[in-house]
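Look for subunit A in each of the two complexes below; its partner is subunit B in the first and subunit C in the second.
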Partner chain A sequence: MLMLPELIVIGTAFLLLTLDLIWSDRQRPALALVGLSGVGAAIAATLTLMPQSGELFGGRFAVDAVAWWFKLLFLIAGGLTIALSMDMLDGRIGAGGTQLGSRGEYYVVMLFNLAGMMYMASARDLVSLYVSLELATIPLFVLAAWKRDAQSTEAGLKYVILGALASALFLYGMGILYGLSGEMRLEAMGKAMQAGPAFWLGVAMLAAGVGFKLTLVPFHMWAAEVYQGAPAPVTAYLSVASKGAGLALMFHVFYRVLGPLAGHWDLALAIFASLTMTVGNFAAIVQKNIKRFMAFSAISQAGYLLLGFLGKPGDGVPAMLFYLLVYIVTNLAVFGVIIWYSNHTGRERIEDYRGLSRTNPLVALAMMIALFGLAGIPPLSGFVGKFFLFSIAAKAGFHWLVALAAVNSTVSLYYYLRVVRQMYIEPAEAGDSALRVTPAMTGALAVTVLASVILGVIPYFYETVSAQTAGWLQGTLW
Partner chain B sequence: MGLLSWLIVVPFITALAVIFTPARKTAWIKWISLVGTGFHLVLTAFTTWRFWQLAAPEAASMKTAQLMKLHLEERIPWFESLGIQYLLGVDGISMSMVILTSIIIFTGVLASWKVEERAKEFFALLLVLVTGVFGVFLSFDLFLFFMFYEVAVLPMYLLIGIWGTGPKEYSAMKLTLMLMMGSALLIVGFLGLYHVSGMNTFDLTKLAEATFPASFQKWAFPAIFIGFGVLGALYPFHTWSPDGHASAPTAVSMLHAGVLMKLGGYGALRVAVYLLPEGAKDWGLFFMVLTTINILYGSFGAITQKDLKYFTAYSSVSHCGFVLFGVAALNLMGMKGAVLQMFSHGVMTGLFFALIGMVYGRTHTRMIPEMGGLAKVMPWLAVCFYIGGMASLGLPGFSGFVAESHVFLGGFFGNPWTDATIMRTLTVIATMSIVVTAVYVLRGMAKVFLGPVTDPHFHALTDATLTERISTGVLVATLAVVGVMPFLLIDLIEASIMPIVNRLHASGVTVALH
Partner chain C sequence: MIEQLATLAPGPFHWLSLTVLLFAIGIYGILTRRNAVGILMAVELALNSGAMNFVVFNKYVAPSAVDGQIMAIFVIAIAAAEVVVGMAIFVTLFGHRRTVDVTRMDQITDAAGTN
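Showing the complex of A and B:
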């Protein structure tokens, strides 16, 4: 029973594979709906099973409050991405050359990746962790190259090479830690180890692997190229799901494995966080392509996320999970508009958005709200989430880091305002007229934008995360 | 929902009503905005009356109180596990600021009667902005306070960027980023207050019961004071203000110079000085020096300006310097003067920007040398301008005199923690600015309104319309009422300033109160 959500997702994937085979092209648009219902069922299953914890396979697969939350977040991200991709895959608008092919396989690959991430949240020993990590990574390589033009292929190739390097480092690090501790179970490893040179080498390798997933500076170089080259819906998925998976991986490594040795890495994390947000923000300022721009924006967001690791998990875990949720909906709202716009026009430079508020006022409003959310402007949830993360850092005594993070938010506001300026202040080009918004896109945008507002105003969501996860791992490791 | 929530919600509801009105019906949009803000004015008057009923009997007991007393309090838990609440309340200082804001937004809507381009978005943004301002003045939970604070700042970007004039995009970006830098400092300070107090609350009245270690106050006070000071145009963080005000459309300049800049002084008094008295004692002199520069720099800056809006904007920098000067003087007289000056300058500068907008709408120039003799063709506007100018240079009978005399007396009285000679010297230097103010105000007015009509086209211009007369008339009346009967306002605020002063005197002597 505890594995039900994963099984539903995998089952849906196989069902889609079969349907894709037997359905005619006219019926295939329904594939997206099947995929969405599968994800919906998995979300329902997760919500039903949610607070309980338990183990399967001799403790190799286990669920607890945090694992459930990660699964829920991954499913939300996956479901929303499918809703956002539909138009592009079905060629519903398609201003020539923007359509993506092979929609059946697309959903299948995406669902497998989703299952991989969900398994990873539940992995409790080295083998299951590594296998699920690969399942959560390899499908992304395929998706990045989905379009098969020069850019997309290049993105896929770069992603494969750098991703393989990161996996190799991660594996090496795990090998070292296994050698030092003689344990396979994550929680037992930390207890059996002493800090020493070999240990630190192993930790550094793991950090590189995690940093790659979470796009921490200096392991972020792949992000800009891959985000820019990959098709827009894939970029959207990468920016939220892959980041969520990185966070789950980091929870395993830093809380489960290294938890008993906490206190050694606070300062190092603070430095990583400050580097990540600063480099991400300053690089974003000069970008012209909106997907590349969002890549750097996503890098800087990962930097804020890291603040949650400072101090005790009882404070940090709820704040990070809440921020991840906020980030998923807000970022997907921005990407929804990007997907919609490039699907219509094939253009993806920031200047191309000029005058959008005159031609499509509601879409421009959605985009503006989402961008302000990412910049952390109240009363949007982006502000609330960031405030909680900053609060964690302040509690741990890192006031300088709070100051740096707050200044970085201001810098980020500058570049988000560049897009707002194009949409609201610059006049529309002659001949631009209102672009059609399909029902699927309307729904997805409405859900994400409303969520990004409501999460910050209604305390229920944060309080629930907090109530369920604040006591996480207490008594076992801390 | 309580009275205070309504004060915040009414502009927001009006904004929503504007959003749901078809964009073509600009007349409807304006009327909706006017009715909404007019209703707000009535509501404010009623709230003031209610507040006065509650506060007047307690005025005597507040003389020795160390904790502020909120009235009409509304308290709803929000993010409970973090101690964040929806806490509204009102004391004399916030009441006077709410009155000011309500007057300015009402007259601002009237002064924007001629906005036709994208009128719907304009009025909606203006009303959202003012919602944030009311929220700041009425909220006493630091989280809520900060939330409203940013809501009040951000719409400015679009308002200036879209409807502004001149280098509007540059000005809008500069203003937004500088103010956000200020709030970055604030967030550090607020989170510090929250965690160092160890009380798990953002409630301002509760935090006042904590005793913060001196080492913390030493860095937190300047962080918070400068954070607010950026919005209060503290030298050298004032550079956004002339550009921003000059580029902004009329109502936005009015609201920004009239009300938003007051958030700076308000926050500095309410949060920085009240919660961190030890820090205030350490840093008081430093900020007095900065604000003295502010006052002089602003007034000398105004002399050299040729553009009427830059002229008024620099004069605002100078006048806002008085506010922070009064706060940094750390005594009752100075702080009272600061609050009076906030009110008085708000009305005065609102009047100025409204008049400049009206003059510009007719002459299509704001350059002082290009104008002349306008009093002959627009006597109403000219008279209002004279009155504003006289109030600005501190002529007795108008509110400016009351406020400035309080501030200077405050500076002269000194306080036990600062060298009296230095404070008096600074006060004397700051007082010089009155002379400079007289020079630029009189010269500017003479050039623009007196003398022969320089441009033959000016003969065809008309005087103020009815909406403009109401708008400027209300502002002039306010200036005069406060000038002649300052006790109305002083009674309102004095009891609320006492706790801040008492805390300054008590801290360092008493032990922790909680």
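Showing the complex of A and C:
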């Protein structure tokens, strides 16, 4: 029963595979609706089961409040991504060359990836953690190369090579920690270890694996190229779901495994966070391609997210989960507009967005709200999320880091405003007329933009996350 | 000589040296090979050294269970999946570029994507 959401997702994937085989091409646009209803059913199952906790398979699969929240966030991200991909896969596009093929397989691969991420949130020993981590990674290589043109496959090549390297490092690091502790269960490992040279080597290798998934700065090089080369909906999925999976992995490694030894690496985490946000922000300023620009923006957002690890878990865990929720809806709103615009025009440069407020005022408004949300302008949810994260770092005594994060937020406002300036101040190109907004896109944009406003205005959501997760692991590890 | 060598059983130090060596060769290969298939082979070496680590530690640190050996089997299966996906991408890429030389993968730049 506790595995119901995962089973629904996997069942939907197999159902889609069968339907794709027996349906005619005229019926196939309904595949997206089947996928969406599967994800919707999984969300409903998650919400119903949410207060429960327990374990299966001798403790190898366990759910608690934080695991449920991660699953809910992954499902939201996956469902929205399916809604955003529909137009591109069904051919409701204006420009040639942007259509993606094989829609049945596309949804299947995405749903399997989603199931992998959900299993990872529940993994409790090294075998299930590694297997689910790979299930949450390998399908993404396929998705990045989905368009099969020169750029998309090049993105796939870069992703597969660097992903495999990160996976090898992570595996070797896990092997070292296994050797030091003789334990496979995540929670027993940390208790059986003392810090020493081999331990540090193992932790550094694990950090490299986690950093790759979460695009922390020394390990971020793949992001720009893969985000730019991959099809736009896949980039959207990578930037939210894959990053969420990285955070879930980091929770496992730094809270569950290394929790008893916490406090050794606060400074190291602070340095990672400062590097990540600074490099991401300053690189974003000069980008011309909007997907590449969003890649660096996503890197800097990962830096803010990392601030939550500095304080006590009771404060940090709810703040990070809430910020991830905010980031998922806000970033998907921006990507919704990017996908819609490239569907209809085939254009992807920032300056191509000039005059969008004249031709499609509502879409431009949605993009502006979402960009301001990412920058953290007060009434929007991005501000609230950042406020909690910054206050955790301040409480932990990292005042220099909070100052740096505030400066970075200001810098980020500058480059998000670059896009807004193109849309609102520059005149439209001669001959540009209003572009059609499809129902799927309208729905996805409305949901994401409204959520990114409401999450910041109504405190109910943060209070719920906080009430359910603030006591996570208390008493067992610290 | 042969008899003397036959009595010398390798200990954990020898096995761990072997895995470290394999891992180092793998990383070296990833950094220096120009052909993407060669890089994938190097990645396999690194992954297998990680799997071997688990088996070695299983034998010398936690011999009461077989967790580490199970892990090694899973790693082998996953590595195979990784290689299949990688090769499929390389084959598609080869169709476009007539090469899988990683030093020439430079089409994605900030100026690209203008259509």
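The rule is simple: the second predicted complex is superposed on the first by the 477 of 478 C-alpha atoms of A that agree within 3 Å, B and C clash if a C-alpha of one lies under 4 Å from a C-alpha of the other, contacts with A are read in each partner's own complex, and residues count from 1 in each chain.
We adopt the following convention: contacts are C-beta pairs under 8 Å (C-beta built on N, C-alpha and C of every residue); 3 or more make two chains touch, one makes a residue touch a chain.
None of the values given here were measured: they were computed from a predicted structure.
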Discussion item. Contact-wise, after the overlay, does A:R292 reach subunit B, subunit C, both or neither (first, second, both, neither)?
Written reply: second
Fill in: First, second, both or neither for A:I425, with subunit B first and subunit C second
first
Worksheet entry | First, second, both or neither for A:A164, with subunit B first and subunit C second | second
Worksheet item: For A:T469, is the partner it touches subunit B (first), subunit C (second), both, or none of the two (neither)?
Response: neither
Worksheet item: Can A:T46 be said to touch subunit B (first), subunit C (second), both, or neither?
Response: neither
Item to complete: Classify the contacts of A:I138 with the two partner chains as first (subunit B alone), second (subunit C alone), both, or neither.
Response: second
Item to complete: Give the label of whichever partner, subunit B or subunit C, reaches more residues of subunit A.
Response: C
Worksheet item: After superposition on the shared chain, which partner residues are touched by A:I377: those of subunit B (first), subunit C (second), both, or neither?
Response: first
Practice prompt. Starting from the residues of subunit A touching subunit B, keep only those that also touch subunit C in the other complex, and list them.
Written response: none
Worksheet, complete the sentence: Within their complex, subunit B touches subunit A through residues 78-82, 143, 146-148, 150-151, 154, 157-158, 161-162, 169, 173, 176-177, 180-181, 183-185, 187-188, 191-192, 194-195, 219
Worksheet item: Once bound in the complex, which stretches of subunit A touch subunit C?
Response: 95, 97, 125-127, 130-131, 134, 138, 141-142, 145, 148-151, 153-158, 160-161, 164-165, 167-169, 171-172, 174-176, 178-179, 182-184, 225, 228-229, 287-289, 291-292, 346-349
Practice prompt. Enumerate the contact residues on subunit A facing subunit B in the complex.
Written response: 372, 377-379, 383-384, 387-388, 390-391, 394-395, 399, 402-403, 406-407, 409-410, 413-414, 417, 420-421, 424-425, 459, 462-463, 466-467, 470
Worksheet item: Given the complex with subunit A, which residues does subunit C contribute to the contact?
Response: 19, 23, 26-27, 30, 36, 39-40, 43, 46-47, 49-51, 53-54, 56-57, 61-62, 65, 67-68, 70-71, 74-75, 78, 81-82, 85-86, 88-90, 92-93, 96-97, 100, 102, 105, 107-108, 110-115
